[in-house]
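One structure follows; several queries about it will come next.
Chain lettering (A, B, C and D) follows the sequence in which the chains are written, and residue indices restart at 1 in each chain.
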Amino acid sequence: MITRWCLLWLAFPAWADEGVFDQYRDLMGDDNPAIFVIDEGEEFWYQSQGPSGATLEACDLGLGAGVTRGAYAQFPRYFADTDRVMDIETRLIHCMETLQGRDRTVTAAKPYSLRGDFGTELEALVTWLAAESEGVVIAPEQGHPKERAMYALGEEIFFYRAGPHDFSCATCHEQSDKRIRLQQLPNLTDHHDAADAYGSWPAYRMSQGLVRTMGWRLQDCFRQQRWPGLTFGSEVSIALQTYMAVNAAGGIMTAPGLKR
Amino acid sequence: MNKTEKGRVSRRRLLNWVALLSTAVALPARAWAAVTRPDTAFDATALDQALMALGETPTRHEGVIFTTPDIAENGAVVPIRVEVDQTVLPNVSKVYVLVEMNPNPLAAVFDIASGTEVYIETRVKVAQTGNLYAVVESDGQLFMASRETKVTLGGCGG
Amino acid sequence: MKTTLWKMTLLLGIGIAPTAVSEDLAAVIQASFSDRGQATLLRLEQDPLQQHCSQPRDQPVDDEIAMALRQQRLDAVVFPADGDFLGDWQRGATVAASGRGLQFNDDPSIANGGNCYACHQLAPSEVAYGTLGPSLTQYGLRGQSDAMLRYTWTKLWDTHAFNLCSHMPRFGAQKILDEQQLKDVMAFLLDPNSSVNQPTE
Amino acid sequence: MAGRIKIRAQKKGEMTEVKALMRHPMETGMRKDQAGESIPAHFITDVAVLHGDQPVMQAHWGAAVSANPFLGVRFQGGQAGDAVRVVWTDNQGGTGEGETTIR
């Protein structure tokens, strides 16, 4: 029996730990197709669009009009001009509306790619802006009472169990070193795990051939939680991003990542 | 570099690219004038059918060095590498990659210029757990290596 | 983490009272979602069990409430009408492997899966298993006594009867699986011929 | 969106190693979109790697090559500063081209 176990161990040493896909990832190398999407996003930023024929260059992402370097790493944050806490996706929709005169019912109608699509404008912009924060310390603003309220709300929602399966975010994401099937699960209540996970989105999803954003990741989590559809730019979406970003604060932005 | 400059660079890059493309459109046709696409093999829906379309049944040969992951995180993207040890298997002119369980097993064929190393890396779709084959043509004969790759199921949705 | 952060917030005197958030919580959640396919907003309304179990792991439910809840769950378990607990282990293996069902994009006319492998190791031949739950490989070694059958059935039907606030879904009580599927999963776990109970090699 | 290629060409001893990433959906024609409609087949059929004007590798691909394809090849010779090009055509008549110099 002991010999048998040893043989098993020799034959499949990687299966018992998190190195299960190391060989696969070594073969993949660091060639991440997200680099195309970064370029596309940059072009969208400088492209004149909408009734006003304006670019997004005057968009204030929190660090002043047109400042893109490091801006992603400080979202979600409070904006006085809208009197609300916004994630980067809703802020971009706001800029498209105010600067370019584009109707938000159109720009926000389909923020994320569906099956068979090959990327949306919003996905490209967010990917480029994340790349503009590569290597930057994650430092979401928490100075405004509304920002702190968003964190508190995010924490409540994180543990809220509902639906036919009784799932909450915490079901999969409040313990360390766990996996679902073979997929490692980050413990989002833990600083190091939260920093690694939050800092790696947006990410190129190999299974879909697309870059996906943090907003999309949340929508898809809720689908798998058997909840109804999460509304783009909703309180829950921004609150959970705030909860994750604050838990990740001090970590480094590495996005765009490369994921299963 | 401030943002406005960066934007200009980006637009200039785009223009360059468009100019390049227009001069290059004719290139592919010229480049593979000598090589016809093996349509019958590509259309085959079973492994033996595809191999038959390539000619004789390939012989296993240790000179074909085929690297695939034992277990793939995702069947949509499975990285593969084909190398040939030319000391034991010289004059390789073609490399075929086949995936046993795919609807059309033949995934790709590579024509290698003579007098160069055989080294190819790419990523293929693998529908389900099964064997992958690297078949090479050397002096008109076919040789191969095969490897099993397990394709795992994803997260919560199964 | 939650407690520490709250203490910090209260200490600094800049927080919003947690009760205020809680009162608004259900309304905020309702406003952030919309009906999609079979997944309607009704799913967001918590039953008492979900309400009491929406706490971090380090904040257990009050003992008295916990006892009452556990008893209530235990009393509500429905055992097989014909007294036969064991179905077909091979069909059970299929249920254990399928993760589909009840998502807004799932076709409700196709049977749900149990998605057991998402969290548990079962047949040693399946390497893609999760670790959120304990390994159930060789579960059949526990035998098929009446007590064992009833215990296992109850765990599948409503795990909270024994293990309050477990992360495992209530497969029977919430009608995720039907009676026959539950019997098949029982056989998958307990039948000596089942792939779960084969030696690891 | 199609057409783009990112290329690196690096001297490795006697050999030159070329790595290219192409922007392409590589649709098999067997998938359905969200509405249940078939997504038409759209994939790169022909790829060539050229050193100057000389093809060093030519390939025919099926739809089983992954989306946003990656290609790595090595060829004999090549000097720092030489041009390396990758070109492709797809089944819908689309083309792509990328160029770099050997480092």
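The rule we apply is simple: contacts are C-beta pairs under 8 Å (C-beta built on N, C-alpha and C of every residue); 3 or more make two chains touch, one makes a residue touch a chain.
Since this is a predicted model, take the numbers as computed values, not measurements.
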Which of A-C and A-B has more C-beta pairs touching across its chains: A-C
Length of the line joining the C-alpha centres of chain A and chain D, rounded to whole Å: 29
Inter-chain centre distance, chain A versus chain B - centres from mean C-alpha coordinates, in Å: 32
Centre-to-centre distance between chain D and chain B (centres being mean Cα positions), rounded to whole Å: 11
Sites on chain A at which at least two other chains make contact: 15, 39, 172, 180-183, 206, 209, 223-224
Two or more partner chains touched - positions in chain D: 4, 19, 66-67, 70
Contacts with 2+ other chains: residues of chain C: 103, 117-118, 127-128
Every chain pair meeting the contact rule: A-B, A-C, A-D, B-C, B-D
Touch list for chain A against partner chain B, complex: 15, 20-21, 23-25, 27-29, 39, 42-43, 45-46, 55, 57, 66-68, 172, 180-183, 206-209, 223-224, 260
Of chain B, residues touching chain D in the complex: 17, 20-21, 24-25, 27-29, 31-32, 35, 37-38, 42, 76-79, 81, 99, 102-104, 106-113, 115-117, 119-125
For the chain A and chain C complex, residues of the former touching the latter: 4, 8, 12, 15, 145, 148-149, 152-153, 155-157, 159-168, 170-172, 174-175, 177-183, 185, 189-190, 222-224, 226-231, 234-237, 239, 247
Contact set on chain A toward chain D in their complex: 31, 33, 35-36, 39-40, 114-116, 118-119, 206, 209
Chain A-touching residues of chain B, taken from the complex the two chains share: 3-4, 6-7, 10-11, 14, 67-74, 76-77, 79-81, 123, 152-158
